[in-house]
């Protein structure tokens, strides 16, 4: 299996409600380094998993919607906590709608919040072509 | 699948018996950067794989038993070599007994011994709740 | 010249007023990796620049005052922007008051806000012993 | 499952034909950081996945054939593009022929071309012992 | 003293004539991670060394001239070796002409060619305002 | 000023006597990542600070004397603590005797003992050519 990965980052504010979160209940922030990995069994005729520039631009497009923002007031996290796990899940869903890949392609999103802690969400995507009627 | 990972490190002395180990047969030492990753299909109601502070504290508790020690004289490695593979296996077993996770959860332990070499042990754990009669 | 360095990090929210800051005018956040370096011409009788645990604990004490907070509402940044340069300056001043080092010791504070951007403030400190009448 | 990983690097020139590659159509170059990971269910009697020095030397032997070269003129890439995916595939094949491991062992080759982009090829190898009639 | 640093990278081909260079005499390539650091005694009224976006864009402009190219055929290195030291010197000179900073500002250019080797050039720049008659 | 830097590492055991060292009083160990930086005002006619292979080989030669050893029993640290500061000082002295550079060249040795702690020793060297009568 072949994989290609790219890295970008976002700088967001948020707070995590619930006493289990300790000091993270307060409004604070994070630089999340975001890596995306795309798996594919066979390469394209060009000898690639996917064109890197397409992957990077698609990722940037998804991240631009949440970058430099307070996620406590962002519609994507209305009514739910913006834990890094759910931010990864959000990026996976949005990128899955944008990437020109076959439904079933596995996409892995990893967020590093510090040198010591990271989260990951890994799952097949349904694929852009399968979602014509769905609002972005 | 969701994953959360945390990083810590230990500084240990040891020697590896057997001429195949070359200079590592001599008493020497290593800083092992230790990463733990916990996999889980669904998130908790809080939107997390596991509380990061619980994972970090549990890992520190396990590492404290071997940190700043000569593993040649440590009971956990009596009668066996303390190769990084077996140190990873040891951390996996001990952490599996401490973590408040369901039996069957996959735990991945990675040790970097230098910028150029690392080892990993990845397996499901039996889970703390299944081990009431077993001595820690 | 000898130097010892340690690393920690903070996760803060803030906004930067002024249209030159573009999207950073919005409330957002950052994980700042904070490194401190202490220079000294001669070592202590123990063969050290400074005890690492003292340096790490002092740094943690200073960072705890701003960690997991919204700097827009923090007294230390009242009436000024919390640019990374000024956060580094703040940490330098506060740490200089706490560290048990001779006045004139050079202290370097470096903040990485992402893998691509960092800032640094480097200057001698006046030293804790010279500041008896000054409120912390 | 146990894994051992090692890291090395190569510095090569190449060009990628096809307008989709944009500026990479021009003759340019890359430092590829190359990591190899070997998986194994059980450890050797010595408590290892594989002897690290054997793995590092085998990898160096494979990389020496392409290191400090222009891949546009290298026989291994005659008639095909030397995309990082295909370089990873090449290293996988050549290393699989050299490593003293059982057929079926999974080998993972990862190439980082910059801090922001990487590729990976992961597959079982056929194993050296199965290839007696094949020229190295 | 305050410093701000930013990172970018280039992917170039080149060869280094002279038998002392061993295998690097052959046409090969490198990913050079390029970091720029700007020093300044006092901050701007905005609390910055220099606007990060201006620094990053200026650096990208300079690097674009040599990125994805064969330096053996680049006018900037006509008649001289493109050692990493001289590439750093080239970037320093070109960036010094573009950056809106006072003459005398110290600029540090660091190139990493691999995880194991890097070079640096550090010197004051003459400053853009002193070079009105010079073609960019 | 030009600088070239290279990286290597050692894996040593040691203990640090004195109750201030806490758990480090016990026999333990460390992987020290060792970086060496050589400064020079002008480049050689080849356009280099120093030949990288010479620098790397000289460093390896110095490190080989302490690598994979228990520093508590090493002659170089007889009667003194092997703190990382003094290991850096030792490497500086030994490398200064080996490197084919002019007396007065500044050499910087940095040891990382973990991702969180490092030390550095920076000073001019007397230079190999000035030390004919001194035993290596």
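Order as written gives the chain letters A, B, C, D, E and F; numbering starts at 1 within each chain.
Note that in this section a contact is a pair of C-beta atoms (placed from the backbone, for glycine too) under 8 Å apart; a residue touches a chain by one contact, two chains touch by 3 or more.
A quick note: this is a predicted structure, and the numbers were derived from the prediction, not measured.
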For this session: Please identify each chain that touches chain A as well as chain D.
Result: B
Seminar exercise, completed: At the largest C-alpha centroid distance from chain F we find chain A
Seminar exercise, completed: To bring the C-alpha trace of chain A onto its twin chain C, one rotates it, in degrees rounded to the nearest 5, by 180
Exercise. With chain centres defined as C-alpha means, what is the inter-centre distance between chain C and chain E in Å?
Worked result: 29
Problem set entry | chain B and chain F: spacing of chain centres that average the CA atoms, whole Å | 31
For this session: Would you give the residues of chain F that are in contact with at least 2 other chains, written as numbers and ranges?
Result: 7, 115-116
For this session: Provide the full list of chain pairs in touch.
Result: A-B, A-C, A-D, B-D, B-F, C-E, C-F, D-E, E-F
For this session: Write out the stretch or stretches of chain F touching chain E in their complex.
Result: 1-8, 37, 43, 46-49, 51-53, 56
Problem set entry | chain F partner contacts - residues on chain B that touch it in the complex | 7, 9, 11-14, 23-24, 26-33, 67-70, 113-116
For this session: Enumerate the contact residues on chain A facing chain B in the complex.
Result: 18, 20-22, 80-81, 83, 85-86, 88-89, 115-123
